[in-house]
Structures are given as C-alpha cells and as structure tokens.
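Same chain, two partners: subunit A is paired with subunit B first, then with subunit C.
Then we have the complex of A and B:
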C-alpha cells in the first residue's frame, strides 16, 4: 500500500480522495498562505496536518480543509437542521432524541411567538424538525424550532408521512445543490413533501401510500449509485406504478 | 451521671440519658426529648463533658456536651474555601464533587453546584458554562450556602477562585497552563481552551 507521507506531496493530489486516520494531509513547511482553517476530521500535529476521520478530503478556496464522511451516528453541530423524536417533556423544555451521543433539549419557548401561554403540546413520539443551536462534547445539545432570526421557517412537528433512517452521508447528498439526480427524477413525475435531517433521518409525505413507498425506496437505494444509475433506478420504479 | 468531672473511661452513645434538665443545660451533642422534657439524651458518640456556668449568667446550671467524638474529616461550612472536581456541566449550572475543605480532605462525598450567576462577578447573564468549566477540572470555590438537599451552592466569583487545574481535550491530555483569566493552553499541542481561571499567587 502506498504510503502517502512524502514531504514533496502536493496537497492538491489528496483533495477529493479517500483518506484514513493517520494520513498526513499537509506539510506546513510547504504551504504559502500563513493561515489554514481546519474543519472536521483534521488535526495539527507539530508541523503536519493529519486526518483523524476516514472519508474524502475536501478543500474550499482559499484555505479551508475538512474531511467529509458518512456515519450511522450523528455528531451534533451548531447550525444543522435535524429530525428529532420527543422522548420526554419537562417543565422548561422537551427532551428529543437526535441520534447523537446525548439527548437534545428543545426549550418550550423556542418557537416563533412562543410564550408561556401557547406552548405546543408535543407528546412522546412526536417527530420534530429542529435546528441545532448549541452543541459541544460536554453538554446536551440545545435545539430550537426557529431559524437564526427567530422565524419559524418550516421548523416544528411533522404530521403524517413516513420517517426512515439513513446514514449522514446520504442526508448530505439529498441536501446538496444542485439537486441530486434521484430527487430531480422523482420530482418530475410525483409530488411529495420531503424533510431531510442531517442526523440521518428523512421524512416523506405524499398523497398516496404508493408514492410514499416509492419515494422512500428510491432514496434508500440511491446512496451508492452514480448520477445515471440513480435516474435509471427511479425510471424502473416509476414504471411499476405506470408513471 | 451528673458528675462534675469529665469521664474518660465511659463512652456515651446516642440515645443514652446523660442528665436531667433540672440540673444541666443540654449543649452540643445532646438534646431534650420532646415527649419527656426532663431527661437529656446524647445524640453523638463520645465522652460527656460538663462545663460550669459562667459567673455572669443567670442560670446556675452547668452545660453538658459530648466531646471527643471521631470527626469524620472536614465538613463544608458557609464561607469556607473548598477544592472541588467538576463532574457535570449544563447550560445553567455545573455540578462538582467537593474534595477538600480548606486544607483538609473530606472523608465522605459532598456535592456542590456552581450556578451560572455565581461563576463570575461581571456580566453574569452572559456566562457561557462551556467556556468556564469542563468535566474533570479542579476548581477552588467558596461555599455560599448549604443549598438544597442535594448539593451545596458554590461560587467562583472572585479573582482567586475558579479552575486551578485542567486537562487538555486535545490528544495529549496534558495539564494545561493558564495564560489569562479566561484561557488555558496545552503545553504540547498549543491548543487554547477557555476556562474561568483562578488567579493563583
């Protein structure tokens, strides 16, 4: 196996390549810019940058590097939109499971125009689309049903429909722009509502059960397919319900 | 048992009648039974000690108290400085296990709570608990009160109070070095972390 740690290695060659923990990604002596921003999965070790996660190395101009990986378990990060399930309700907040190491707290007032008088009645088991406000290793994450400006912006409980779990990588693909091919192909023939949580939960709702099942199966199948394969897969499934 | 000298040979145990209310005032370690306001009972294990009344007092009875009981380590009192290890950090408070009171270590577990408003003296509503303590940090704190049934209330709202020792969360796990009253740095990786640092002279 080729050792990827020669000092003359140009960083460009590793970008968008698969790396494993321990790989030397950058030698700081070779870098021209004096400031590098490291994202998830990278760590400074003396004068090298090493990977700590397995995944694809990504780079964004001028100086941002990070590792993109797909996991079954979610690590809460501030700013993410996730799908949580209500586990418990306390006087001051709802307790949600967001597929992370800790349960998340949703304050009862974290809604648009939320006051003590109009607290929503979320029972145990309610699926809620929330935004992670604050998350770190030592505390329970705090989530809210508002966007950063305080508006409700589609956050809140999701009624009816069907929720299934996937990896975080598939969630990232579904949310990427331009629209991923599977959603594009489905959207041309069917109308459905979709909520994607970065924690690996996806919710689908459509007018008929067949449509819900078809959309869910297409999404679940599409994770490791290329663009053309995704289009063909959707076409094959749609034929089964004569569309 | 209402003798006038300290009895070194007999040990008194809780529940024993040590005297009569007509001739003695109950002191530390003794109590009067509410049903029978005549007998003085012991509530601690130790030796009886009878102190003659002070010449100025109106009551001519001696005071009886129990002394020499084994003190099980130190007990935190209001106003004492304690050393505690932070166990849990939440958005509005941090929990800590009290390990020493002053210079003496405790022999049983005491829990303390540092509330968000007691972390520092200035801008107390803008305190970020994550930037003040991490689980595992050793802090010097002041006991504010006996608190509720679960924990003492502690405060770090002084320059000399706060985190005295903390481990770095970077790979090395070395003890960090304070660089200001809000930051500590790992000596091997150089990673800076935020804490409410105690000013140690």
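Then we have the complex of A and C:
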C-alpha cells in the first residue's frame, strides 16, 4: 500500500487527540480501497471525514473511528441498557423518557412471557431498567424489558432506592472493566445494589439510607478523580459513616 | 467626537485593529445540557443549551429536522442606566432571530428530526458587541452539549469612525453613529453565515471593514478552539486516562 501524504493529512497522528467540530480527521483519498466505519461524532463531507462533536478521536483496528466525549444528553444506540422514567401509558406502549432527543416506546408485550393478560401496571414516574432494541433517527426509539433471548435478565422496574443523573462519560466509566476503582473500594466495605444506564442515570439501593447517600455521593464525586484520588475519597467518606 | 486620537489610540486605549480581551469558560450552568460564559472586554454573556429533547409544543414539531429555539435577554442591570424593557421587545426579538439563524447554519439539524434544541442567552454586562459575544458563547455551549455541528461559528464586529476601520466596537463607539458591521463565519469552511450592517458605507471601505471583521473572527476562532481543546484534555486528565 502506497500512502503519500503530508504529516497533517496522516490520519494516525490525530488518533487519541482532542478534536473540535469542523476538524478534518481523514482524507478518503489517502486510504486504500477498504471500507471504514464511522461512529458517533464523525461525518463524511465529500472527500473528507469531519468531526461534528468535540472530544477525543478514537480508532479501533482495522477500520473503526469514533469520537469519545462526555455529555449530559444521550443518543440512543441499539443494545444499550438504559434507565427510563415512565411519563405516559398508552394501550400499546409505555412512553419513557430516556434523556434522548425523542421519547422511547416500551411495548406492553416486551416482557418475558408477556401477553395481553399480564401487562404490568407502571404508573407515571416509575423507573424502569430497559434495553434499547431499535434506534434510528426517524422513529422514536423502542426499548424492551428482555434481553436478546427474550429472558427478563434483571430488566424491569426498579423499586425503592435512589436515582441520580450524571454524564454519559461517567456511566461508561462505571460499566468499564476492570471494575472502576470507586465501585471496587465501595464494594469492599458496603453491600449495595447498583443499576447503571448508559444514558447517564444511576440507581442505587442499599439496606440503610446512609449507605445509599454515601454510595451515590462518592459516585458523583468520582467523575474527575484519578484512581488513587477515588480510593482516598471513598476512604474518607467511609470514615464519616462509622462515627 | 474624537474616537481615535492622533497617536492612533482609541477611547479605551486600544489600537484600531485590536480585539478586547477574551475570556471563556465551559460548563457554568450545571442544570443545562451544555453551557458557557463568554467575555469580550466588559461584555459578558452566559449561554445555556437544552436538548436535543422531545418537542414540547406538538404543533411546532418538524418531521425532517430539529427545531432550534433561541432566547436572548439582557439583564436589567447590564447597561449603565437601568432601563426597564418588556420581555419581548423588538430589539431582543430581532437579535434572537439573528442568532437562531446563525446557529441553525452550523447545527446538523437533519440528524435529530422531531426534536428541539433551546439556546438561552443572557447578557450580564453590555458594552457593545453583545450579538457577537452571544454567538460565540452559543457555539461553546452547543459544543459542550455534544450537539453535532458541521463547523464552529464565530462572530465579530467592526466599524468605521474618524475615517479609520475599528475592530470590535465597544458601547461608546457603537453609539457614535458610525457604520457597524457584524460578521459571523464558519471558521474552518471560511463561509459567511451572518452579515449585518447599520448605516451606509462606500463599497471599497466596506470591503476593508469586512476584511477586518473577518480577521477578528479568525482570531476569536483560534481562541475558541483552544478553549474547547483544553476542556477535552482537562476531562481526560482529571479522569487519569
């Protein structure tokens, strides 16, 4: 493969670099014939690939490019597990707010063994842990309370506990492996239940209210802290609760 | 009135082709999806962006693109003498419209059909050039909200007083009665999205003044770019990635 390009046009130089909207990321003429796949935040404009969001340009071999950023809003993607709030119930669908550009529909039959007879009674305001099934820009996203095999797999309404909103970046961090340091440190001392939606909503439940407050505060604080800072922060918070 | 003295210094001590000091901060309103504060000298504005979210008023829904709404308002205490303006006065309505059209040019609205984006702009301190400052602040806030944009819009004004083209007019120069050209450009694509002029100018002078405003825009776009890059780096740095 012969790639003749000036340094500014070399795509690999921009990988893992911060970019802003309008930046030319790639020149298609520089790439050999194989296809490339564009993720969030990149668009093709004639012969170039341009950024539409600010963030870090990421590349995964062999041909995937996307922009990694942290926002307070969520763009639905099929397969994501999210936390939605019921805002209306229609005969065929529950209408859910998933922090996206459009309201999401949860069909009343999209439950494990769901029939017309056993439709769950979700009141307005119920928090539901769901999976995005269909997501395209023209239609409202469709979500379901089952995994890909039709099993309920922990999806469904979340009772009690406490829900708070964070950025999408933080929720991705909480779900990443190896376990994020803040959860690791908390898990050694406390027992609690956690549901993280990729749309930046986090639900926490524990036996005592103190534990719920502590867990949610330390998660909210951890967004801009390094690994060691997170561990120290959790330690100081835990000391306070033991008094 | 003498706006430029014999040494070529303006009333506030600037040279004719000098911008005022710029200062920008991202993420100043925690409840908004994206927000920014922008200062040009003594002009200070705050921009907050909400959305893309479901359209609130169903009759305003557009099937093939996002609805962009813009609300510009000046704080009662923002000017020297306290003027009581009703909320929807003609001046702020006109500026809201201008800013909305300018921002719509860069937002990729076709990617978010049936949704709505609200841009709220509040002038905290007005010292000329609030229109440009609002556009710059809105760009930063939209980028912070993660709304897809084809490019960065920047705006700057220029005027012509005492037979000298002046960059970035302040309030005294603005009310001096001379021509005032406000230009908004898409920084990378080099396209003009906004061009407004009060008063008349001969054609050859107009070209000079407009070129000066475009040069000003380029300087501002460089600054805005730096702020955005710095913001991204800071996020990553603090997270220790």
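Heads up, the rule we're going with is that the second predicted complex is superposed on the first by the 229 of 243 C-alpha atoms of A that agree within 3 Å, B and C clash if a C-alpha of one lies under 4 Å from a C-alpha of the other, contacts with A are read in each partner's own complex, and residues count from 1 in each chain.
In this text, a contact is a pair of C-beta atoms (placed from the backbone, for glycine too) under 8 Å apart; a residue touches a chain by one contact, two chains touch by 3 or more.
Computed from a prediction, not measured in an experiment: that's the story for all the values here.
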Partner chain(s) touched by A:110 [first = subunit B, second = subunit C, both, neither]: neither
Greater residue coverage of subunit A in the superposed arrangement, subunit B or subunit C: C
Partner chain in contact with A:53 - subunit B first, subunit C second, else both or neither: second
Which of subunit B and subunit C A:185 touches, first, second, both or neither: neither
Which superposed partner A:43 touches (first subunit B, second subunit C, both, neither): both
Touched partner set for A:138, first subunit B, second subunit C, both or neither: both
Contacts of A:211 with subunit B and subunit C, given as first, second, both or neither: neither
Touching partner for A:86 - first (subunit B), second (subunit C), both, neither: neither
Overlap of the subunit B and subunit C footprints on subunit A, listed as residue numbers: 43, 137-138, 140
List of subunit B residues in touch with subunit A within their complex: 89-91, 129-130, 134-135, 169-171, 189
List of subunit A residues in touch with subunit C within their complex: 18-24, 41, 43, 45, 50, 52-56, 69-73, 97, 100-103, 137-138, 140, 169, 173, 223-227, 229
Residue ranges of subunit C touching subunit A (in the complex, touch as defined): 32-34, 51-54, 66, 106, 108, 111-115, 143-152, 186-189, 225, 228-229, 231-233, 235-236, 238-240
Footprint of subunit B on subunit A - complex, ascending: 43-44, 105, 134, 136-140, 142
